[in-house]
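Quick one: the structure is below, questions incoming.
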Amino acid sequence: MNHDSNDTQKRKLTGEEIAKHNSRESCWVIIHGRAYDVTEFLPEHPGGPKIILKYAGKDATEEYEPIHPPDTLDKYLDKSKHLGEVDMKTVEKEEKEEDPDEEARQERIKKMPILEQCYNLMDFEAVAKNVMKKTAWAYYSSGADDEITMRENHNAFHKIWFRPRILQDVEHIDTSTTMLGTKVDMPYYVTATALGKLGNPEGEVILTRGAKKHNVIQMIPTLASCSFDEICDAREGDQCQWLQLYVNKNRDITQRIVQHAEKRGCKGLFITVDAPQLGRREKDMRSKFSDVGSNVQSTGGDDVDRSQGAARAISSFIDPSLSWKDIPWFLSITKMPIILKGVQCVEDVIRAIESGVHGVVLSNHGGRQLDFARSGIEVLAEVMPVLRERGWQDRIEIYIDGGVRRATDIIKALCLGAKGVGIGRPFLYAMSAYGLPGVDRAMQLLRDEMEMNMRLIGARSVEELNPTLVDVRGLSMHSAPVPRDTLGMNVYDPLIGPREKSKL
Amino acid sequence: MNHDSNDTQKRKLTGEEIAKHNSRESCWVIIHGRAYDVTEFLPEHPGGPKIILKYAGKDATEEYEPIHPPDTLDKYLDKSKHLGEVDMKTVEKEEKEEDPDEEARQERIKKMPILEQCYNLMDFEAVAKNVMKKTAWAYYSSGADDEITMRENHNAFHKIWFRPRILQDVEHIDTSTTMLGTKVDMPYYVTATALGKLGNPEGEVILTRGAKKHNVIQMIPTLASCSFDEICDAREGDQCQWLQLYVNKNRDITQRIVQHAEKRGCKGLFITVDAPQLGRREKDMRSKFSDVGSNVQSTGGDDVDRSQGAARAISSFIDPSLSWKDIPWFLSITKMPIILKGVQCVEDVIRAIESGVHGVVLSNHGGRQLDFARSGIEVLAEVMPVLRERGWQDRIEIYIDGGVRRATDIIKALCLGAKGVGIGRPFLYAMSAYGLPGVDRAMQLLRDEMEMNMRLIGARSVEELNPTLVDVRGLSMHSAPVPRDTLGMNVYDPLIGPREKSKL
Amino acid sequence: MNHDSNDTQKRKLTGEEIAKHNSRESCWVIIHGRAYDVTEFLPEHPGGPKIILKYAGKDATEEYEPIHPPDTLDKYLDKSKHLGEVDMKTVEKEEKEEDPDEEARQERIKKMPILEQCYNLMDFEAVAKNVMKKTAWAYYSSGADDEITMRENHNAFHKIWFRPRILQDVEHIDTSTTMLGTKVDMPYYVTATALGKLGNPEGEVILTRGAKKHNVIQMIPTLASCSFDEICDAREGDQCQWLQLYVNKNRDITQRIVQHAEKRGCKGLFITVDAPQLGRREKDMRSKFSDVGSNVQSTGGDDVDRSQGAARAISSFIDPSLSWKDIPWFLSITKMPIILKGVQCVEDVIRAIESGVHGVVLSNHGGRQLDFARSGIEVLAEVMPVLRERGWQDRIEIYIDGGVRRATDIIKALCLGAKGVGIGRPFLYAMSAYGLPGVDRAMQLLRDEMEMNMRLIGARSVEELNPTLVDVRGLSMHSAPVPRDTLGMNVYDPLIGPREKSKL
Amino acid sequence: MNHDSNDTQKRKLTGEEIAKHNSRESCWVIIHGRAYDVTEFLPEHPGGPKIILKYAGKDATEEYEPIHPPDTLDKYLDKSKHLGEVDMKTVEKEEKEEDPDEEARQERIKKMPILEQCYNLMDFEAVAKNVMKKTAWAYYSSGADDEITMRENHNAFHKIWFRPRILQDVEHIDTSTTMLGTKVDMPYYVTATALGKLGNPEGEVILTRGAKKHNVIQMIPTLASCSFDEICDAREGDQCQWLQLYVNKNRDITQRIVQHAEKRGCKGLFITVDAPQLGRREKDMRSKFSDVGSNVQSTGGDDVDRSQGAARAISSFIDPSLSWKDIPWFLSITKMPIILKGVQCVEDVIRAIESGVHGVVLSNHGGRQLDFARSGIEVLAEVMPVLRERGWQDRIEIYIDGGVRRATDIIKALCLGAKGVGIGRPFLYAMSAYGLPGVDRAMQLLRDEMEMNMRLIGARSVEELNPTLVDVRGLSMHSAPVPRDTLGMNVYDPLIGPREKSKL
């Protein structure tokens, strides 16, 4: 086959030629007008071979685009497999089957609420759920196992109630603070989330622009759809960015990534420590399955289908052997402050302090990794009293993420001792539904809520938020009520209000 | 334009003339048969310019009436903008579009349950929800953010259970008590609620008459639809009224209001301290949006729509810088007892006592301000043991409001140490649905419940209500159950009762 | 009118004559073929005048029968108002309006499940709900206010869990015990419930026969539909009955009732102490209202309709001034053991012991009196540790009632220290649906459950039931979860199981 | 009739002959081509006579097969009643009535999801519920009384949350452990469940094969559909099996069973101690009733129908007098380690240790025996701290079963101190829906979950699982929320998200 690839460097390939290589034995695909021989790569594809075989001999650009950063093929497919340009006029345009789901989605898009009808962060999610592609929605919205931790993340805030102070002269409210030395206008940052192009063709740079406008920090994800440099290039002025890092088994690659980020001006290194393996997310798996399922035969347990949704598709390159022993090395290769993202109990916060890192994010990865991991806010309430008892509360900066939807959630975290909170999915949903204006409005709404609620709680500035302003007695209780007695419940005849006249 | 206004003092304006001023550049409106030039006022309108522009060049009376006290235009619009009388015969009657929602509402009004079918305060709310205009309902019924505090207010009473005493000779039950020195027949008062004309064209004076009949106190709201003097004038005999006060930035205005109220015979000054800024109520905002939304274009985040429902429309004139330092001044300008309305934790009750005021209302403003503020009844259970320990329980009178719907709720509050409770929305709903007879019946039902339940708890008089009669162990727990496992729940096959014969 | 009544003693009255007296001014009714002049009685009727006026000039037998014991007219209407026999052939048969509700009920009766399909006590309730007249169902099934205590009664048992013992040789299970000295086969009794004929034309004597068959005690209600003597007469052999007593203001009447009961062989006197006034039950009031509502005009608050359902209709003759001072008198007029029924806190149990009575029933009247009264089982868990600490646990017999539906409920009560439990509504429902066979099966099912569950808990006899067999830590917690965040809940996309093939 | 049975040894019986014996007076049935006279056996049939009479004079094989092990007739019906072979050609094929339920089931089977769509153990249950016969589903899925314990079993795991450790080098995860000395690949075993052929015609041997493939232990049930030897014969290589034992009143039979099992290589004897009587399972009873109900007449309480579903049908032969005194005898008749299955409180665990047995299973029989028995996991949390305090934690092996559905459930049990967990129903459902491939995939999914979650919790091996990794503070709370206020709930107007444009 090598002679083919040499040959095609001189002339364009035709659709007809490529169409012949449509099997597991010889599998070519077209991406952005160029052909690639992926036959040997099939078994290595993190997303499984099936999804590639669906496009064998065909143009795979549309499917490929949103979940692979632009430099993927150069990085991971040997040059000899790059077959060269394709004369796209000769490629048969596949008549798309009519897809009633997609048609219904297009109808919903036509009737989308206008942006001003969104009054809170949940509203963006409601719109996004209606207008996003199902697989994209499934990837963003899914969580681990039964998604109990995912839901608990926001739920936990409901167990914290306020003890507001009155008559405090709250005419002027200052919501600004500093994070790792950077002054920001609001005590949250845009946390790292993968595959931004699933929601918007421009991807993560939209978040960069939104963050600039509201002077908050963006954390750049390792698994962005845009390349790292594209996201850096979108930065304006003295805008601050951080890097979220999945640590590669090959530490040379990791070192290169870290030092490149530092050179490009990143001001913080957030090492993800709660994902030695990317989580199983069944909603995502089920959605992916539907996509490739039609030509799948029922098979026995021996041949379990390993294609498991977008979540697993991007899961290579994460080193499960990462350990506390690696921390000194990280401290040695960069001057950026180092923060461990995904710490989940007080013992590990203490160990983090002892290891010399500069901060921790109390997080369970948005409920996407371990189900029944506790919420960040609950862990915070466990951590701070212990640190205060030791006098260690100022030795590192503590952040939380997960489930933040309201300014009251942010205030609760700050009262308990967090330096700030990370917000991820809500901005993805705002971006997916409305692009940059959506992100802008989401941030504006947060600011409006923040000022109002600080005023109502009687705190003029972030410094005035303190533990006496909250009642957290219910926070650590994980109660699941006794299952209901359905016979008794069914026979109960609920009270009703007055009936209409005609029904007397 | 000035010559116009002079001219129109001699002759009546015509509809045609006014209709020309239908834009942001020149905006006239007709109210109660007189024209006003509001062009310059547009940007200052607390309710936003959009709602005015909807009526530019037209008669706005119907929309204006229920949410502005009669003296509004005189007070806030310069005389030069009062253009004079309009010849209403020349004003084109706008053919109202058929509004299916309104038609359905008129149908529901025809089938309204008769008053005798209302057996408790919730029943009035059920009827009012059906027969009120949607925007009016939205204004009355909405709460802050997720409305969790609003619902918690009544919910909290469900966590308090009785420990009744038997064999107490309860033939004669005396429900009377005194509040700030006034003898009343029942231990509740009609608390201040804004915009009464949204529910009934006569407005707050209906509540005045109901309160008289049942010998309870009415608290007059700053933001009433009726003017303060109208409400005072409706008083009969030695009927007692209090004044609820939003403190204006201009203390001269505030002083004038307070001293006028004292002169008119008000017997208590309730200073609202939980609303340095009026709350965001999304139900209200969404309802208002629908109203003006049709001619709104989708816009980017830069141009966020600021028209935010009736709640924000009345929010000017409240001083967010009000602080403890202002209390001595208030004590100096009036002899009325001063009560802080909206205290929310024991520390502030202690401070209130130290500041020399005569009472506090433990309240979260009906759940309309800060979501996750605790209920008044819960704060009461926190406050009283601390006061008793200090021997301070009699130094001030303590009231609560929020969520009171049953006489048992009142009894619980009194057992815990409250002098009385405020009830607001339920009387608004009774008034909106049935006018004065509704308010009368609501009060009668409360009295019936009160006598019965005092008898059943074994207390002959308000004095006999005490903490040993209630079990409050569950009160302070804010539990939110673990999110449910939907896969497991869905697969459970609930037990069913015996089936009909034919289905065997 | 007197001459009429004299006259009619000689000849029969005609329907035509009676039909003339059809107004508030002159109101005659026919009952069991005899006419009565109730004009003067109208305002005194405990059930209100409206329900009588509905039958003015007509035959009221059908409505009258089930809710008045046979001797009512003789007792309460002056002889001069007894107008004598009516020639029933001359009375116009009222054509009953077709009542779609009643027709639907008759259809449901045709399809009634057969008795063997009832496997537990809830099943009888499910059937009864379907086949009973709506007003009768409303009277039996209703509770106070929001019916929260009524539901809590059974609910509370759900908070008690077992700690069973294994390997106990449970071949022979003995469920018998003694109550007030009488040997019974099961540790429950049939507690007093009013108006048995609403459910079955034979009334309470059916319960007498069922109790005999299963050798358990029946408590005879003051407000039975059958007369006291009818119920006594239905007794067989050495069957044991108790008397439930509402104390009349006229102590002579009370003394007569008590001493008559003792003479007729009653073995226990249960004085109701939780009902100085009969409860408001809104379900019952609403159901009654529908019945008489059609000719009612909407009226103002001044003229509140006082006809308030079957519950209030029977509420006269109860003395609200009954007090601890009356206990010595009761002890003096009878040798029957005296038990206070409706005690609700430990302080009153101690006082009861000190007053010399022989027992208490911890009860809230089936949730029909005071809403938010605690369940009997919860009060029991409060009482027993205090008595045991004083060594008083054997000084009286302690019973509970309310919410007992399963043998496990009975076992829980006995483990905590109750001598036995009262069961009321379940037998009424069994009787209403299936008559005596229903009651018999209900009791048989309870026995089956009892033997099985004592075996499974490892207790061979009632004596072996003790507090170490139950875990009651959750019992006293009255938790009401934080209201849910509807925006967040609505946007959550619940996990679903695998879909059918065709839906892929 | 004896001459008949002799006679038929020479010639085949005809369908016509058998059809004559179709009554209670003379009842013959055909099973597997042979006729049996069961007239005298009718009253002894554990499943009641009705179900046999339904097949009197007919071929009963299809009904008989799945719920009787092959050797049943030889064991329990006297040889004289074995009437000999039947000429099946002469037996009228009963035209099965069209059964719309069965037709709908066949339709659902056609559309069954393919195996790869099952991503967790609940998914198999969802499929099984759809494709199993209703009576089989009812037998497998039913629990005691209100099925509250059955649901609590899984529910209880939801009250335990993780405290994961980060940075632990979790590249290699070892899920293996030992149970009673046998090395296994996963810390669970396939626990004993009855009547496997209800789900799959091959029965329990499918579980044997699945267990072999994944190197886990199978516990052989006394009440298997396959005979004990069939299940032993299905064993391969050094595969390990245990025996679950219901103890027969006749200890000779028991001794024979135990010693035969030891001879056949069983490595553990699990004596069931939580079932002195088999539980009432109303779902099962109701399902059985529907089956035989059509020719049943409504009868009084005297003649209670005793046919009570598959659960009771197999309930003979269990000795309720089994007690602690029997333990030494068991220890004397076998060298297999002895484990008590169904221990439910710490007192009995201590007694078990003192009695010299080798292990306990903390279990409530899958919620099928005593409702309100606590979950195994909750009892484990009660037991281990007491044992550790005594230093007894290694004196026996402790297992739990009930409600295990996720690897996180297993991990929680191991963290708290269990040696392993039993899993029953999930494998039955996998087998019923998909046969051996289903069981295989279920086990593979558990392994995938196990590795991932151990990695995420930071534990490399089973030994590293320990109590500091879990938060169990909520576990022992049995909370049942206060019943809801339906009037208040109904009148609340829930918040909604933004509406579609056309609806403005």
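Going by the order they are written in, the chains are A, B, C and D; count residues from 1 in each one.
Rule of thumb we're sticking to: contacts are C-beta pairs under 8 Å (C-beta built on N, C-alpha and C of every residue); 3 or more make two chains touch, one makes a residue touch a chain.
Everything numeric in this text was worked out from a predicted model, so none of it was measured.
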Longest centre-to-centre distance from chain C, chain (CA-based): A
Copies chain A and chain D - rotation angle from C-alpha fit, nearest 5 degrees: 90
Interface composition of copies chain A and chain B: same or different, split at half: different
Chain B and chain C: spacing of chain centres that average the CA atoms, whole Å: 42
Whole-Å gap separating chain C and chain D, where each centre is the average of the chain's CA atoms: 42
Shared interface positions of chain D, touching two or more other chains: 114, 117, 119-120, 122-123, 126, 146-148, 151, 158-159, 282, 286, 293, 474, 477-482, 485-488, 490-491, 495-499
Chain D partner contacts - residues on chain B that touch it in the complex: 120, 122-123, 125-126, 129, 137, 141, 146-147, 151, 154, 158-159, 282-283, 286, 290, 293-294, 405, 474, 479, 481-482, 485, 487-488, 490-493, 495-496, 498-499, 504
Complex interface listing, chain A residues touching chain D: 108, 111-114, 117-119, 122-123, 126-127, 145-146, 148, 273-277, 279-280, 282, 285-286, 289, 293, 296-302, 304-305, 319-327, 340, 342-345, 347-348, 369-374, 476-483, 485-488, 494-497
Of all residues in chain C, those that touch chain D in their complex: 114-117, 119-120, 146-148, 151-152, 155-156, 158-171, 406, 408, 412, 436-441, 443-444, 448-449, 452-453, 455-457, 468, 471, 473-474, 477-481, 486-487, 490-491, 497-502
